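To start, I am sharing the structure in question, which I have written as structure tokens.
Labels run A, B and C following the written order; every chain starts at residue 1.
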Amino acid sequence: MKRTGPILLGFVVGMLMLVQFFTPNPWIAARYNNVLDWKQVVFGVTLILGVLSLLLHHGRRIRRRVAGWSYSGVTVAGLIVMILAGAVFGKERGPYPWLFAYVQSPMQSTLFALLAFYVASASYRAFRARSLHAGLLLAAGVIVMLGRVPLGEMIGFTVAGRFYSLATLSDLVLTVPNLAAKRGIMIGVGLGMTATAIKIILGIERTYLGKGA
Amino acid sequence: MARGAWSARLAQGDRRILFLAVAATVAFPLLWPLNLPIRVSREARAFHAEIEGVEPGRVILLSFDYEPDTMAELDPMSLAVLRHAFRRGVRVLVMTTYAGGVGIAERVLAQAAAENGRTYGTDYAFLGYNPDFSATILRMGESLRGAYPTDHYGHPTGELSLLQGVDRYADIPLVVTISSSALSEYWVIWAGGKYHARIVAGNTAIQAVLIYPFLQTGQLAGMLGGLKGAAEYERLIGRDGAGVRGMDAQSLAHFLIVLFILLGNLGFLLQRRAARAREASP
Amino acid sequence: MSDPAAAGWFQIERLPAAIATLLFAAVLFFFLRQARRGRPLFIRRIAGLEAVEEAVGRATEMGRPILYCAGLDPMEEVATVASINILGQVARKAGEYGTRLIMPNRDPIVMTVAQEVVRDAYAAVGRSDHYDSNDIYYTTQSQFGYAAAVCGVMLRERTATHFFIGHFYAEALVLAETGNSTGAIQIAGTDSDSQLPFFICACDYTLIGEELYAGSVYLSREPLLLGALKGQDAAKAVILAILVLGSLLGLFGVEAGRWLGGGGAP
């Protein structure tokens, strides 16, 4: 029952969610709404689970004074300060919005900004024309990179009296070969998703139980 | 320095030099603007036309599907869209699918509303954040008030004048998603596919590339891609902002990366030629 | 009601989707039966998965831990399910060799499932004593907060092998480049095609798109999973045939998309 129960529940709920897509029946629609509401409740509860896990993990690191335990201290301190700031002073004014605007936002933005530097170093190191295919990829990459910025509007060539900018070529690359490749991948991924969903509903795929297939 | 060592260093590159060059290239035009011309794309015009096509007084849904990490790229387009909507007298219902998006949405919404003299509850409302975006997007197709019994500030949504007669996607002429992730696709699949909502999307440049299939099939009515998309929209509404200001820096940065790639390949080719010469010599 | 315009028990405009679902399920069941009957089903070599043993072995030789990232998506997403399946196989190998496995998580449900999968994997190879739930923990829901936490693990724990298996977003390049700078061997697998180029640039092996879904099948060779994979391939062949036929008909001005419930090209 410990194993069969969840599989049976998965089958019932899975079939309900599948059937509701095809039928306008009000009773099924109401059950569908119930499932969606419960989904949000479960998600909220798991956030609490996550916070507890975070505290336990970093608490242990601090107690045992493992290498880098001070970073764990910063993590726990940050968590407690934000919770207290929101609970005591409210979310709309006081330290909570200030900490969000002047501490969290700049930190997150900075990490994202690192991508610009990483793209430069990764491109320099890995974007090599080792073969014909790699050369074509390189050419397409250069065209799209320049074509997607205003500079690309100014660079181009004239054929039969008509000016073709890199921006036009970039649009062509994005809307023809790129689109075709993306569609192929999307179809494959979609089939994979459908197959996995059918396997989960039928109990063939049991990873979500945490016990392996 | 021996030629071989020189080409090896060129092929390998030095991260410090690369990073410094990127930083200098981005900073330079922010201090001394180049004012490069900006061409408005077809997708941005389509996005603009959708907002233009909404009758004044009707309610559109705008979802801030991003967090502070991408706000430099997406805030300009969110602000431009809100300015456009408010200027046309279109009312806006705002939500976010990220906990970190709450602060961003409040800030941008407050700025746009103050500029246009709009009143909370009548001209706009902020529903806030709901955990689990999939359940939220799907639930809103059945009932907005069911998904959000209260707004972010605790007012019952049934009592907001903005939501009188508006309870599902069918009551909303346009859904706008400004997203840093695949959430635009989920809006198209769930809100568009299941509930036939009309959707336009603003994405980061990297996500925008993935959205083209939906644009071509008409599942998306318009699209803004990255900071350039924001710049294009600012030009369309006639009010330049951070999007236009960032275009010079982005242009030069892209040019620099292309230069790096070419230099790296030059080093690679020189190394390969040297290796072949060594193999050929006795 | 989901669609007030529709009447009765069935939304007729969704009939093509219903037929396609039933047909796909039928193809899937056919291959599942083939697999149950013991018929051998071929699966091509996938370099990234062949390298799993080598990658785990490298970490063991160096006496350093393995880092496993299951992506940023929640448990209900297919990529995460596939990643957890592969995690089970990787954990078995790690358990056999006695190598530490560290797994920071962005989602608490994924963390819970991963803890059970790894514990069972260690138990299956008789190394339950090696399991430490502290090594599989929750970090934060924030995308770049998670990336920062993982980079911190790479640099402080000096992990020798990195697995980035699942659905990733913009933080992919941050993770892959930081990992590359530490000299670790990196195996990535994602169905997020916007991040594939970054993983291909910075990782030693990359599983592309459906190779990720095939991963657990490939490593475990479980007959039912193999049958399901072959069923997907067969369905893809059918779709390919429909695409070719539709394109040919389109050349002659016949909009076949309308027969399938589509509106045709705008």
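Going forward, contacts are C-beta pairs under 8 Å (C-beta built on N, C-alpha and C of every residue); 3 or more make two chains touch, one makes a residue touch a chain.
Remember, it's a predicted structure, so these values are computed and weren't measured experimentally.
Novice: Draw the chains as points, connect those that touch, then say whether the picture is a line, ring, star, complete or other.
Specialist: Shape of the chain contacts: complete, all pairs touching.
Novice: Tell me which has more C-beta contacts between its two chains, A-C or B-C.
Specialist: Pair with more contacting C-beta pairs, A-C versus B-C: A-C.
Novice: Could you give the separation in Å between the centres of subunit A and subunit B, each centre being the mean of its C-alpha atoms?
Specialist: It comes to 15 Å between the two C-alpha centres.
Novice: Measure off the straight-line distance from the CA centroid of subunit A to the CA centroid of subunit C, and report it in whole Å.
Specialist: Each chain's C-alpha centroid was found; their separation is 14 Å.
Novice: Taking the mean of the C-alpha atoms as each chain's centre, how many Å separate subunit B from subunit C?
Specialist: Roughly 27 Å separates the two chain centres.
Novice: What are the residues of subunit A that contact at least two other chains?
Specialist: 21, 29, 32, 47, 108, 111-112, 119, 121, 123, 125, 127, 182
Novice: At least two other chains touched by the same residue of subunit C: list those residues.
Specialist: 2-4, 141-142, 144, 170, 193
Novice: Multi-chain contacts in subunit B: which residues touch at least two other chains?
Specialist: 67, 69-70, 100, 134, 142, 194, 209-210, 216, in rising order.
Novice: Report the residues of subunit B in contact with subunit A in the complex, numbered from low to high.
Specialist: Against subunit A, subunit B makes touches at 12-13, 15, 18-19, 21-23, 26, 36-39, 41, 67-72, 100, 103-104, 107, 130-132, 134-136, 138-139, 142-143, 146, 153, 194, 205, 209-210, 212-213, 216, 225-226, 228, 247-248, 250-258, 260-261, 263-265, 268-269.
Novice: Considering only the defined contacts, which subunit C positions touch subunit B in the complex?
Specialist: It is residues 2-4, 76, 141-144, 169-170, 192-194, 263, 265-266 of subunit C that touch subunit B.
Novice: Across the complex, what residues on subunit B touch subunit C?
Specialist: 67, 69-70, 99-100, 134, 141-142, 170, 180-182, 194-195, 204, 206-207, 209-210, 216-218
Novice: Of all residues in subunit A, which touch subunit B in the complex?
Specialist: 21, 29, 32-33, 36-37, 39-40, 43-44, 47, 92, 97, 100-101, 104-106, 108-109, 111-113, 116-117, 119-121, 123-125, 127-130, 138, 141-142, 145-146, 148-154, 167, 171, 174-175, 178-179, 182-183, 186
Novice: Looking at the complex, which residues from subunit A come into contact with subunit C?
Specialist: Subunit A reaches subunit C through residues 18, 20-26, 29, 32, 46-47, 49-51, 53-54, 56-57, 60, 67-68, 71, 108, 111-112, 114-115, 118-119, 121-123, 125-127, 182, 185, 187-189, 191-200, 204-205, 207-213.
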